[in-house]
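Next come two complexes, and both contain chain A; in the first it sits with chain B, in the second with chain C.
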Partner chain A sequence: MAAVELEAVTKRFDNFVAVDNIDLEISDGEFFSLLGPSGCGKTTTLRMIAGFEFPTAGRLSIGGREIGLDPPNKRPVNTVFQNYALFPHMNVLENVMFGLLMQKVPKDQARDAAAKAINSVKLEALLNRKPNQLSGGQQQRVALARALVNEPKVLLLDEPLGALDLKLRQEMQSELKSLHSEVGITFVYVTHDQEEALTMSDRIGVMSEGKLLQVDDPTRIYEHPAKRFVADFIGEINLIEGSVDSSGTVRLGDEVIACASPAPSGSQSVTIALRPESIDLTVENERIGGAMNQIPGIVARRTYFGDSHSYDIETSGGTLSIRRDNRPLNTIFDPGQPVTVSWHPDASNLLED
Partner chain B sequence: MSQTLRTGKWIDRFLRLNAWLIFAFFYIPIFVLVIFSFNGSSRVTVWGGFSTRWYPAVFENQQILSALKNSLIVAGISTVVSTILGTSVAIAIDRYRFKGRKALDGAIYLPVIIPDVTMAVMMLAFFAQVFRLIDSFGPRFQLGIYTIAISHIAFNISFVAVVVKARLGQLDPSLEEAARDLYASGWLAFRRVTLPLILPGVLAGALLALALSLDDVVISGFVNGSGGTTLPVYVFGAIRRGVSPELNAISTLMLLASTVLVLTSLFLQRDPKSKQP
Partner chain C sequence: MTSLDHAAAHSQARKGRLLATPAGLYIVLFFIVPLLIILAYSFATRTATGRTELSGWNLESYDKLFTGLVMRTVWRSFWMAAVTTVMCLIVAYPFAYYLATRAAKVRNVLLVLVMIPFWTNGLIRIFAIRFMLGSDGPISQASESLGFGEFRILFTPTAVVLGMLYSFLTFMILPLYVAIERMDWKLVEAARDLYADGFTAFRKVTLPLTKSGIIAGSILVFVPSFGSYVVPEILGGAKTLLLGSYIARQFGQARNFPFGAALSVVLIVAMLIAVVINQRTEASEL
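== the complex of A and B ==
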């Protein structure tokens, strides 16, 4: 059964369409991420699930029950806010107990459950601290405990790691992931950080300008983006124009290349997406076995990145950016040197706009 | 760089002197008032030795006591009512989007900036019209302490609303959302989260209202009618008959009371973040 279901959901603020006709099904127990730049509608979507905003049109259900217009306190979901939104006048224990007390759970029962939740995020020593006496990471954990103690059907997380420094963020990523598999609750995670989405999610929905562009698992999102925006937003990528002839053969400049999917019929040009790390470089005319695409090029620029080199290679179809790990014995190419550029057909995706 | 800083030496000295002059300008009249309230002589301009006799005299004067009682009643009623209404208005403007919100947001400052005399004439004209309307149904109303109270409520709402709104502006709106998310109804979210967090602002607004009500002379003087004399209005009337050491004593007491109120109000309005050790 779907934990969360959106059918043709639209949210308009005056004349601005924040969320544009979205269909989405998030399954029970899934770690689902909504990924996109700021202003793409991901947070508005989350806020509609939480009940802080109401859809202008469409149906919204949680656990199979339609809840479109229910207020937030009548929904089986809890939220971890971007800035945690811990109550500054309550200590850690009172913060975590709040949801239970509001649900009329008897006080001593609520205290026990809250203490257990606080243990599970390893903050048992800080029960009586006020939020402003906690570090960012500790506040984050309190916010998690405060939401999870209510055992919601769905946990909503609104860029919860955004305020933490890099190291802590990486730690919290793996902690969140293991917490998710422990509690078995559906997580809906909003982020603009592609790395966060890729490392933690079961599935990712990429949003832009209110539209849900692609919903897929992280591998497919990264390796087989369907739309130009998805390819461009996630990671580095070469986007180059290729031509198509009447037989459907794709050419990059003068060279015929094979792609992951056939060119759409009737099209004369296509956008080819190619990740810098999926392209190989060899010396001129050195042929590689297998069904690889191989085209000649000339090194235009080389940049040193410590763990890798980045090359700009000029080909008859345009400039390609290529990333090569620095391993011992790997050839370093010099600007001006003629080279052969090669990649597996599966790595070149044809994109819709 | 340091050269341009050193050329400011004379300006520095001037500014320091200026600060002292301003202090003197503010506080010398107050010192004179306080010192002469302890004047043993009954002639105000002549120093007759130190004496505290005017202070007990203040509390034996029946006119003063009845004026004080009126003042306290008016201040009490207008503070409670304007605190509740002003807080509600501040929350409405801060939290809800409704037609005319922007206009209300601007209009709330109006009683703060219009002259007391204008406010007083306005209220008097307003009461005259209202009384005419009510009187046509039978009962007869007159000016008195309740018209003073209503007038004080009318301007105090603005002061309370402005102070509370400032406090609300510092409050993270997601706190209330978090409370709603954690199963609190709208009322409980307000009662358990919003209200405790804006309470210092509400109290600061209430103290300000109390101080303004206790100090007001112009508006109270216009709308008091007979028997509705408040303490400042009494002092104003008495001073026309000549300054007495007794008036110095009352004024000193009123100064003390309003200083305490305003300082407490300012203390409560401090940025909560600066409270951390």
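== the complex of A and C ==
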């Protein structure tokens, strides 16, 4: 059963369309991320699920029940806010107890449950601290405990790691992930950080300008982006124009290449997406086995990154950026050197705009 | 610190003192000095003819504070100031809330509207209230024409409270507005998210988080209400003798400067203690 279901949901603020006709089904127990740049509508989507905004059009259901215009306090969801939004006038225990008390759970029962939740985020020593006496990471944990103690059907997380420094963020990423598998609650996670989305999610929905462009698991999102925006937004990628002839053969410059999918019928040009690390470089005219695409090129530039080298290779179809791991016996190519560029057909995706 | 740093800090401090001098002089001359004079007078002697002799310092005036009339007057003043403060709070909070939640444009217009009455002389405004509440005033006339009879409110404690409410309302609105405006609305959303209905979220989050504004506004209203002189003189009757008028009377008809000074000193000290206690508790909470 779907934990969250959006059908043709649109949200307009005056003349600005923040969310544009989105269809989305998030399964029970899934870790789902909404990924996109700021202003793409991901936070508005989350706020509609939470009940802080109401859709202008469309249907919104949680746990199979249409939730429509229910206020936030009538929804089986809880939110971890961007800057935690802990109540500054309450200590850790009171913050975590708040939701239970509001649900009329008896006080001693609420206290026990809150203490348990605080234990599970390892803050039992700080029960009586006020939020401003906690570090960012600790506040983050209180926010998590405060939401999870209510055992919501869906946990909404609005860029929860944005305010933490890199090291803490990576730590919290793996903690969140293990927390998710422990509690078995559906997580809807909003982020603009592609790495966060790729490492934690079961599925990712990529948004831009209010539209949901692609919903897929992280591997497919990264390796088989469907749209130009998705390919461009996530990781580094070569986006080059290829031509298509009447028989559907794709050419990059003068060279015929094979791609992951056939070119759309009737098209004359396509955008080919190719990740820098999926391309191999060999010395000129060296034959490579299998059904690899092979085109000649000349090294234009080499940049050293420590763990890898980045090359710009000029081909008849344009310049390709290529990244090669820095391993002891790997050949290093020099600018001006003729080379053979090769990749597996599966690595070249044809994109819609 | 190097000697250069020292010199820089030194000249910075000198510049600061220089800039503060005009205001400092003003405060010393027109505030501290008169207060010291009042303090000295409170220990002076009143002669039988009502002259004040600045000699033979004594505590007689302070002794007289504990008489029934003084106590009743202080109590009445305290009570009316408290009622005024609570009324101001009840009227000002919803308005300040409304104000703080408008768009910036609307907000500025409303703020100017709040200020406009202050461009009129306070005395004139109180006389206007007197006219409104009087037996010839529009309220009374409306009441009569509707068959409710004459509207008697002028020269009662109610009229005084109404007058003070009107005079001091802005002092309540502004600090409340600042406190509400600066509150993080995400916290209210968090409360709603955690199953609080609108009113509970207000009670559990908005109200405690705007406490600083409530306290500041209450002090700003209570202090002038407690010692208020003009409003009770104009709107109050013989039965509403308040501390302000009582003190003024000592310097006027009664010609008992030392006693008036002693009353003033006690009033000031009481206010100071209240303010300090409040600041202490607030500081310890943060």
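Please note the rule applied: the second predicted complex is superposed on the first by the 353 of 353 C-alpha atoms of A that agree within 3 Å, B and C clash if a C-alpha of one lies under 4 Å from a C-alpha of the other, contacts with A are read in each partner's own complex, and residues count from 1 in each chain.
Going forward, a contact is a pair of C-beta atoms (placed from the backbone, for glycine too) under 8 Å apart; a residue touches a chain by one contact, two chains touch by 3 or more.
Because the structure is predicted, anything quoted here is derived from the model rather than measured.
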With the two structures overlaid on chain A, would chain B and chain C clash, or do they fit side by side? clash
Is A:52 in contact with chain B, with chain C, with both, or with neither (first, second, both, neither)? both
Going by the contact rule set out at the top, does A:88 touch chain B (first), chain C (second), both, or neither? both
Contact-wise, after the overlay, does A:261 reach chain B, chain C, both or neither (first, second, both, neither)? neither
Could you tell me if A:73 is touching chain B, chain C, both of them or neither one (first, second, both, neither)? both
Chain A positions within both the chain B interface and the chain C interface are 50-52, 71-73, 77-79, 81-83, 85-89, 98-99, 102-103, 146-147, 150
Per the contact definition, I'd like the list of chain A residues that touch chain C in the complex. 50-52, 71-73, 77-79, 81-83, 85-89, 98-99, 102-103, 146-147, 150
Note: in the complex, chain C contacts chain A through residues 184, 186-187, 189-198, 200, 204-205, 208-209
Within their complex, chain A touches chain B through residues 50-52, 71-73, 77-79, 81-83, 85-89, 98-99, 102-103, 132, 146-147, 150
Over in the complex, which chain B residues touch chain A? Could you list them? 172, 174-175, 177-186, 188, 192-193, 196-197, 272, 276
